[in-house]
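Dropping the structures in below, format is C-alpha cells.
After this come two complexes, each holding subunit A, first together with subunit B and then together with subunit C.
== the complex of A and B ==
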C-alpha cells in the first residue's frame, strides 16, 4: 500500500487524472481498450448510483417515512391507495447499492494502480503490454481471476447479499404487523436480542427450551447413529458374513429415497389411525392408539428412533470404509504379542475408528443441530405448546426459524435466531478445523 | 477341538445373518410400504387393515394422464430441466473454485477460503426470504431460472471435497507441464480434469439429485404457480389436508417414479461417499 502511494505521488498528470476520469492513464499509454473499459465502468456506476441507488440509500437511516395511505377519491367514490415508501425494498436495494459501491471502489483503486504501473514502465523505457498479452495472462498468471469471477459473482448475489440483508433485518421490527408495502418497519437496535434473553418472558422460555432440546437432540441423534452404525459396520465386515456388498446396498436403498417421501410416509403411519397403530392393535399389544406424535416424551423418542433409521446407513458406510483401511501391520504385531480378538478390537480397531472419524462426527453433530427434514416432516415440531411462542415441543432452532419465517412472517425474530444458530455452528466447526490440522497441512501430499 | 471351533463359527455365522436379515427387513419396511401403497386400489391415507384389498396400476396411469389439478408430467420435465442445468453449472463452478484453491497461490487466497467457510455456516433458510424478494425485484420470481440460480449460486461454498481430491494429484505433473510450456489454463483442462473423474462424477450426481429432493426453496420461490413446481413440491402438495384422501395412493406412485432414478444414482455414488467422508481425516 505504501509503495502504491509513493508511486502514485510520483505519477504525472495522466496518472493523477485517473482519480477523476478512470482509464485516463491507460488510454495515454496506449492501452486504449482497457482504458475505455474503465471509463465505461465509471459511467455505468454513476448512472446506477444517481438513477437508482441513491433513491433508496437516502432513506436507509429511517427505512422510509411515508406509510401507504388510503385517500378518498371524490370522482370515483372509492378509497384509493397512495403508495408510500417500501421499507423492504429500501433496505434490499441499499444493501445492493453499498455492495456495488464497494466493488466500484476496488475497481477505482485497481485503475489507479495500473495507471501508475504503466507510468513506471514507460519511464523505465519498458514495453507496454498489449491487450493480447493482458488477455493471455488471464489464462496463466492471473488464471485465478478468470476462474473465480463467475462463482464469486453468483456467491455474492445469491448468498452474501441475502445474508447481509437478513443480518440487518435482525435489528429491525420487520414482523407480521410491519409488512411492506402496507406498513413501514424501522430500526429497533438490539430489541430482538434483548427480547430473547431478558425482555419477553414467552420468547425467552421458548428460546431456552428449544435450545435445550436442540442440544439434547443433536447429542442423542449423533451418538445413537455413531454407536449402532459402528456395530452394523463391524457385523457386515465380519469374515463370516457373506455377500457384504449386497447387505450394504440393502441398507443404502431406504436412505436414497427422498426424505420428503419416506419421512412423510412414516409420519402418516405414526398417526392414531396410521399403519403402525393399526398393526399394533391387530397384534393385540395395545387397545387404544399410541399418541406417537402428540405426547411430548413419546414424540421426542420417536424422532430420535426414526433418525436412526436415516442415519445408521450413513455411519455404516463411513465405518466400512474406515475398517477396510485399518493398517494391517498393527494387527500383525498385536497377534505376535498374543492379543486375542477382543483385545485387538479394543486396543486397535476402536481407537483407530474413533480417531479417523472424529472430524466427520462433529460435522454430523452440526448437521443434526440443523436437521430440518427429520423434525419438520415427522412431527412438524409438534406437539404444539402454549408455553412456547409459535413453536412445539420437538421444534429445533432451525424449524422454529422456518415457522417464524413462512407461517408467522416474523422475519426480525427469525433472523435473530439465525444469527444464534450461526454462532453455535461456527464455534463447533472452527474447533474441528483447528484440531484436525487438515487445513494446515494441505500441501503435504502434493 | 477343530470341530468345536467350526461349530462355533457356524453358529456365529447363522446368528449374524439372522440379525442382518431382521435389520434389513426393518429398514426396507417403509420402502415396501411405499410400493404396496402405490398399487393399492382403495384411496385414502389410512386404512383399518394393512394389506390392500385389491391392487391396481391405475395410480400410475392417473399420475401421468390426470393433469387437471396436478400436472405431474410437466413437473417431471421441469425438474429434469432444472436438474440438468444445475448439474452442469454447479459442477463447472465447483471444480473451478476447487482448482483455484488447490493449485493457484495468490494474495487473498486464504482470506477468500475462510470467508467461504464462514458463509457456509449460516442456516440456508435464513436468507430464503431475501432471495425471494431479490428475485421478485429483478422479475425472476416464480420462474425455473430463479430455481437454477438459487441451487447453483452457492456452488463456490462446496469446494471442500473436490479441493481435497485435487490436493492428492501430484504437483510434479503440473511442474512438468509448465516446463513444456503449458499455461495454467491448459493444465486445468488437460491434466487436472482427466485425473479427477471420480470427483467430477460425485459433484455432478450430487448437484443433479438436489432439485429432486428439495421442497423448501421451491415453495418459497414458486408460491402458488403450480405449473412451475418441481416434483418434490408437487408431490408434497398432493398430501396436504385437502387432497390427501383422493391423492395419497397417487402420491405414492409418483414417489416411486421419482425415487427409482435417485436410488440408482445413489448406489453409483456409494463408492465415492466413503472416500469423501474419511478423505480429509486420514490425510490430516
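== the complex of A and C ==
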C-alpha cells in the first residue's frame, strides 16, 4: 500500500488524472483498449448509480418515508393509489448498490495502480505490455484470476448479498404489521436482540427453552444413532452371524421409503385414534390412548426414538464399511498377545471407528441442530405451550424460525434467531472439528 | 409534496384514461387448482359480455390459503383480481393491498348476506366482493345413531353416543373450533380502533365456557383430533363431529343414507343450555391496488361474484353462495350441509384475529385434553395475554 502511494505521488499528470477519468494513464501509454474498458466501467457505474442506485440508497437511513397514498378520484369513483416507497426494495437495492460501489472502488484502485505502474515502466524505458500480452498473462501467471472470477461473482451475487440482506433485516421491525407498500418498516437497532435476551420475558423464555431442548435433542439424536448403528454393524459383521447380506438389506429398508413419507405416516399413526394407539388398545395393554404427541416428555422421547429408526441404517452402513477395512492382522496379532474380545474391541475397533467417523459425526450433530424434517413432520413442534411465544415443546430453533416466518410473518425476529443459530452452529463445529484426531493427526491415518 | 402528489395523480389519470380507451386489456386472475376451469368459463363469459374491450386473461394457480403470502412476495406482480379467505383480510388491508369497493357499493352490500359483507369489511370499509359464504363449521352426524332431538344439545349427543358405544369428535386443540364455546357464552375476540387485538376469554363467562370444554374432554364418548380423524372414523367408531363444507363430500360418502347435518348444539352452563357460537367466514374477491386496470378489474370481480356466477359456482363446485337471492334457490336450500351452515350463521361472528391467537389456543386445548381437572383460570390468563401480545 505504501509503495502504491509513493509511486502514485511520483506519477505525472496522466497518472493523477486517472483519479477522475479512469483509464487515462493507460490510454496515454498506449494501452488504448484497456484504458477504454476502464473508462466504460466508470461511465456504466455512474449511469447505474445515478440512474438506479441513488434512488434507493438515499432512503437507506429511514427505509422510506412515504407509504402508498390514497386519493379519491371522483370520475372513476375509486380511491386511487399514489405509489410510495417500498422498504424492502430500498433495503435490497441499497445492498446491491453498496456492493457495486465496493467493486467499483476496487476497480478504481486497480486503475490507479496500473496507471502508475505503466508510468514507472515508461520512465525506466521498459516495454509497455500490449493487450495481447496482458490477456495471455491471464492464462499463465494470473490464471487463478481467470479461473475464480466466475465462481466468485456468482458467490457474491447469490450467496453473500442475500445473506447481508437477511442479516440487515434482523435490525428492522419487518413483521406482519409492517408490510410494504401499505406500512413501511424501519431500523430498530438492537431491539430484536434485546427482546430475545432481556426485554420480552416470553420471548426470552421461549428462546432459552428451545435452545436447551435443541442441544439435548442434537446430542441424543446424534449419539443414539451412533451407538446403536455401531452395535448393529458389529453384530452383523461378527463371524458367527450368517446371512450378513440379508440382515444388511433388512435394516436398510427404512431408507428405501422417502423420509418425509414415513415421518408423516408415523405422525398419523401416533394420533390418539391412530394405528398404534388402536392396536395397543385392542391388545388390551392400555385403556385410554397414550398422548404420544401431546405430552411433553412422551413426545420428546417419541421424536428421538423415531429418529433412531430413520437414522440407524445410515450409521450402520458407515460402520460396516469401516469395520470391513480394519486390517485383519491387527486382530490376529492382538489375539496372539492374549487379548480377549472386549480388549480387542476397546483397543482396536473402537479407536479405529471413532477416528474415522469423527468429522462425519460433527456434521451429523450440526445437521441435527437444524433437523427440520424429523421434528416438523412428526410433531410440528408440538405440543404447543402457553409458556412459549408461538412455539411448542419439541420445537427446535430452526422450526421455531420457520413458524415465525411462514405463520407469523415476523421476519425481523426470525432473522435474529437465524443469526444466533448460525453463531451456535459455526462455533460448535469449528471448535470440535479442530480438536478431532482425524484433523490433528491427519497424516497418521494410513 | 402536495405538488408532487398532484403531478403524480395527473400522470396516473392520463395512464388510466389511456387504458380506458385502449382495446387490449390484460388481467391476471388467481384461484385454486380445482377452480381453474370454472374461472376460465366465467372470465370468458365476462369477455363475451363486454365486447368493447379486447380482454386477455392470465390465469394463475394460487389457492386461497396462499393468497396473501403470494401477494406480499411481490404485490406488483400479483394478480389484478384474486380470491382470499376472510381471515387474510386484515393482513392484506395492512399492506394496503386491496381496493375499497366504492363503485356500486350499495348494490353489492344489498345483494350479499350481512355476515359475508361483515367478513369483507375492515374498519368500516368494504374491501372486497363476497364470493362464497361457506367458510364456517357446523355438526355432521350419523342419523342411525343420533336423532334430531339428540343433536340439539351437546349432552344429548354425548349421552346417545355413549349408549351406542360410539364417540363424538371435536377438534378442541384448534382455536377456530375451540372458540365456539367462548363465543357462545358471550365472550368476544375482536380488534379495537387502533387495530390491536382485544380478547376477554379469561373473564367469568370464559371460565364457564372453559369448564364446559373440560367437561367435554373428560367425557368417555369424546374423541379429540382434527378433520382427518373425523373423515377417517365417522360412521365407524364416531357418530358425530364438527367441521365445515369442505369435508361434506367425504362424510357423505362414508355415511351414505345416514348422512345428516345440523347447526352446532347447545352446551350446559350452570344448568342452563347455551347455544355454541362460531366463526362465519367467506371467500372474497379482492382487487389489487397495484393493478394497471383497476376499473376493469373491479367490473370483472363484480361479475365473478354476481348472482348468476355464484349459482354456477354452486352447481359446479358446491360452494355456498353469499348472494342472498342465490342462497334462496331450491338446490341450495335442500343441501343438508349448506342449510346447517345457514342455520348456524345466526350465531356466527366475523373472525377478527391478527395472528398470535392460534398457537396458544392449541396449547390451551391440549392442556384440557391432557388433564380436564387442571386449574383453568391461569391457563386462560396466559392464553389471553399471549393473544393480545403482552
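By definition in this document, the second predicted complex is superposed on the first by the 371 of 446 C-alpha atoms of A that agree within 3 Å, B and C clash if a C-alpha of one lies under 4 Å from a C-alpha of the other, contacts with A are read in each partner's own complex, and residues count from 1 in each chain.
By our rule, contacts are C-beta pairs under 8 Å (C-beta built on N, C-alpha and C of every residue); 3 or more make two chains touch, one makes a residue touch a chain.
This one's a predicted model, so the numbers in the text were calculated from it and none came from an experiment.
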Quiz item: Regarding the shared-chain residue A:273, is it in contact with subunit B (first), subunit C (second), both, or neither?
Solution: both
Quiz prompt | Which partner reaches more residues of subunit A (counting touched residues only), subunit B or subunit C | solution = B
Practice problem: Considering only touches as defined above, state whether A:382 meets subunit B (first), subunit C (second), both or neither. | Solution: second
Practice problem: Determine, under the contact definition given at the top, whether A:120 touches first (subunit B), second (subunit C), both, or neither. | Solution: neither
Quiz item: Which partner does A:256 reach: the first (subunit B), the second (subunit C), both, or neither?
Solution: first
Quiz item: In the superposed arrangement, does A:67 touch subunit B (first), subunit C (second), both or neither?
Solution: second
Quiz item: In the superposed arrangement, does A:81 touch subunit B (first), subunit C (second), both or neither?
Solution: second
Quiz item: Thinking of the overlay built on chain A, is A:144 touched by subunit B (first), by subunit C (second), by both, or by neither?
Solution: first
Exercise. List the residues of subunit A that touch subunit B in one complex and subunit C in the other.
Key: 268, 271, 273, 406
Quiz prompt | Partner subunit A, residues of subunit B touching it in the complex | solution = 9, 12-13, 16-17, 19-20, 23-24, 27-28, 30-31, 33-34, 37, 45-50, 93-94, 96-97, 99-100, 102, 104, 106, 109, 112, 116-119, 121-123, 125-131, 133-134, 137, 149-150, 152-157, 164, 167-171, 183-185, 188, 212-213, 215-216, 219-220, 232, 235-236, 239, 248, 252, 255, 258-259, 262-263, 265-267, 270, 273-275, 277-278, 280-284
Quiz item: Hey, which residues of subunit A end up touching subunit B in the complex?
Solution: 88-89, 92-93, 136, 139-141, 143-144, 146-148, 150-152, 154-155, 157-163, 165-166, 169, 232, 235-236, 238, 240-242, 247-262, 264-266, 268-269, 271, 273-275, 278-279, 282, 309, 313, 317-318, 320-322, 325, 356-360, 370, 372, 398, 401-402, 405-406, 411, 414-415, 418, 421-422, 425-426, 429, 433, 436-438, 441-446
Quiz prompt | subunit A residues within the subunit C interface of the complex | solution = 67-71, 73, 76-83, 176-177, 179-183, 202, 268, 271-273, 291, 294-295, 382-392, 403, 406-409
Quiz item: Which residues, counting only subunit C, touch subunit A once they are in their complex?
Solution: 5, 8-9, 12-13, 16, 69, 72, 75, 91, 93-97, 99-100, 102-103, 173, 223-225, 228-229, 232-233, 237, 289-290, 294-295, 298, 354-356, 358-360, 362-364, 366-367, 369-370, 379, 382-383, 386
